[in-house]
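There's a structure below that I have some questions on.
We call the chains A, B, C and D, going by the order they appear; numbering starts again at 1 in every chain.
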Amino acid sequence: MTTRTIILNGGSSSGKSGIARCLQAVLPDPWLAFGIDDLIRAMPASMRTSDAGIEFAPDGGVLVGPEFRALEAAWVEGVAATARAGARVVVDEVFLGGAASQQRWRKALDGLPVLWVGVRCDGAVAAGRELARGDRVTGMAVSQADIVHEGVFYDLEVDTTRAEAMECARTIAARLG
Amino acid sequence: MTTRTIILNGGSSSGKSGIARCLQAVLPDPWLAFGIDDLIRAMPASMRTSDAGIEFAPDGGVLVGPEFRALEAAWVEGVAATARAGARVVVDEVFLGGAASQQRWRKALDGLPVLWVGVRCDGAVAAGRELARGDRVTGMAVSQADIVHEGVFYDLEVDTTRAEAMECARTIAARLG
Amino acid sequence: MTTRTIILNGGSSSGKSGIARCLQAVLPDPWLAFGIDDLIRAMPASMRTSDAGIEFAPDGGVLVGPEFRALEAAWVEGVAATARAGARVVVDEVFLGGAASQQRWRKALDGLPVLWVGVRCDGAVAAGRELARGDRVTGMAVSQADIVHEGVFYDLEVDTTRAEAMECARTIAARLG
Amino acid sequence: MTTRTIILNGGSSSGKSGIARCLQAVLPDPWLAFGIDDLIRAMPASMRTSDAGIEFAPDGGVLVGPEFRALEAAWVEGVAATARAGARVVVDEVFLGGAASQQRWRKALDGLPVLWVGVRCDGAVAAGRELARGDRVTGMAVSQADIVHEGVFYDLEVDTTRAEAMECARTIAARLG
């Protein structure tokens, strides 16, 4: 059974969504790219600043509440169902809960072959890119750089500290076979 | 069983996503808002201009190919699964295929109570708003204003020609009970 | 001497930039559209949350500091110079300082014929549109609806409470002659 | 007299605007960042696809017509006036006309000390970043990588092929003194 699901996990500004777009360009079949940012955009505006929802602290910390978790769980089921229905899907994720976050995806994707990819980036470099982007709360890149990988299992890891998004995409595509 | 799925169908620039955001603001529980624009954004860039994907003609016509249809079907399954997993979901859709488009959603949402809402807007008025937005191909509003409603069944219709998005949202929320 | 500068003044979410884009579409010559949002985007990210810069309070209040004022004054000179160099220019402004804000523009545009347009919108209606847009701090629309017009002189006023952006644009274009 | 104007020139996706944002973050005083993309956004939508305006060919070529040139000239005067009025200004430009483009800026900025910075990036690398961004016509990066530098004089050159935007910004800031 061919792998039709790729999960990219990495901290903010590590370059995940750029890799996802490059994958869409280099892979011969059409792939859908979803990401945690899509979920946040789909939520009520009020949840983006509430204790029960998601809060972006001025120092870059991200706090997630129970209502966020509930909607997130349903969204994960939806992405899994899209994959089960036959679409090729690449997901751009931030495992704030490390191994526990991965476990949620494993359960939802049970039975489907998945390529788990760690997207590493040196925290200081990611922090510079965060400033260069200009659309993120400063501090997220550094605070997430390491914790999102804690206890997570990968089939493959790429590091954008020195490698371009396109190189990483080619490495991933080669592994996909 | 409480209705936790709302499908808003209307032509481009009829005001669907504004109504969805107002619904998120006025409804007491958190709702996720998804839309056909999210699907298009999730697709490979190359599919946005290919015969097999989706093509936005200079006159505002939208042509949809077989690969688009396949990914769309899988996305519809995903949205339905998100609803089945317990999330409240409002979808902002453009039924280019009229009744056939609705049939696809009915099948995917089978067994779930759904509120079907038609979002009408006079074509000339929608065309003016399309220009005012400045981010859409000119002509889509007029060409879609009527055809997306052909043969479609609704529980409720709203008309943004004169009513504000917030008024429409309150009407829909009242119907939801 | 033909009027080649239009200043649109109104509160947040009153529909100014939509009118500006419609003006660009209906006027026979090419017009450049600039707005206060362009200035804010041009500023350092750090100034968007500092006492010396501009601060968007959670209740929709906007506080402007001395560094913001200094950069704003230079930007106004720049827009005026663009007009003096021969370009047709429509500006989308929020006169937080009422008459004093207008005075700054009058001074910079001295000698150039200007069409001053007030863009009114009922505060409650603008508040609904603010929610429908989903990209603004809630409360700005209501808090700015009236104060931006205090003591300001207009050649023409339009009201988007019931009129479409395109109708307002046609009214303004007709007045331009 | 202190240098308060920086012109960054480089091809599409060479990383100019990222450098501009990093400069705003590392320089002690507030700087305004303007760019050619702001001018294009200020133009009527119709000019973005007309012979007289600016045309983005499917192969990444950019054709510029007489009306574009006229509005551009007026915009350059405006940016220069903003600098003359005392604001610190960093401009992110694409000298499609090479030396002739620079000559237009030199004339407008006459008498002001300017730091001219060339932003180089290997064409193939820039092309990969163009795909990773996902919001540009494919081909612009390659087609502009070299021609924008032809005959242009610089005080300083940076190369983003291997250096991060933040490193480039620090190099430029150091030169500024």
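Following the convention adopted for this analysis, a residue touches a chain if its C-beta (ideal position, glycine included) is under 8 Å from a C-beta of that chain, and two chains touch if they have at least 3 such contacts.
All figures in this text were calculated on a predicted structure; none of them were measured in a lab.
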| item | value |
| --- | --- |
| From the options B-C, C-D or A-D, the pair that copies A-B, where over half of the contact pairs coincide | C-D |
| Chain copies touching (chain B, chain C) - same or different residues, decided at half shared | same |
| Between chain B and chain C, centroid-to-centroid distance (C-alpha), Å | 32 |
| Interchain centroid distance [CA atoms averaged], chain C/chain D, Å | 27 |
| Whole-Å gap separating chain B and chain D, where each centre is the average of the chain's CA atoms | 39 |
| Multi-partner residues of chain C (at least 2 other chains) | 21, 25, 45, 131, 134 |
| In the complex, chain B residues that touch chain C | 15, 17-19, 21-22, 25, 125, 128-129, 131-134, 164-167 |
| Touch list for chain B against partner chain A, complex | 21, 24-25, 30-34, 38-39, 42-47, 53, 67, 70-71, 73-75, 77-87 |
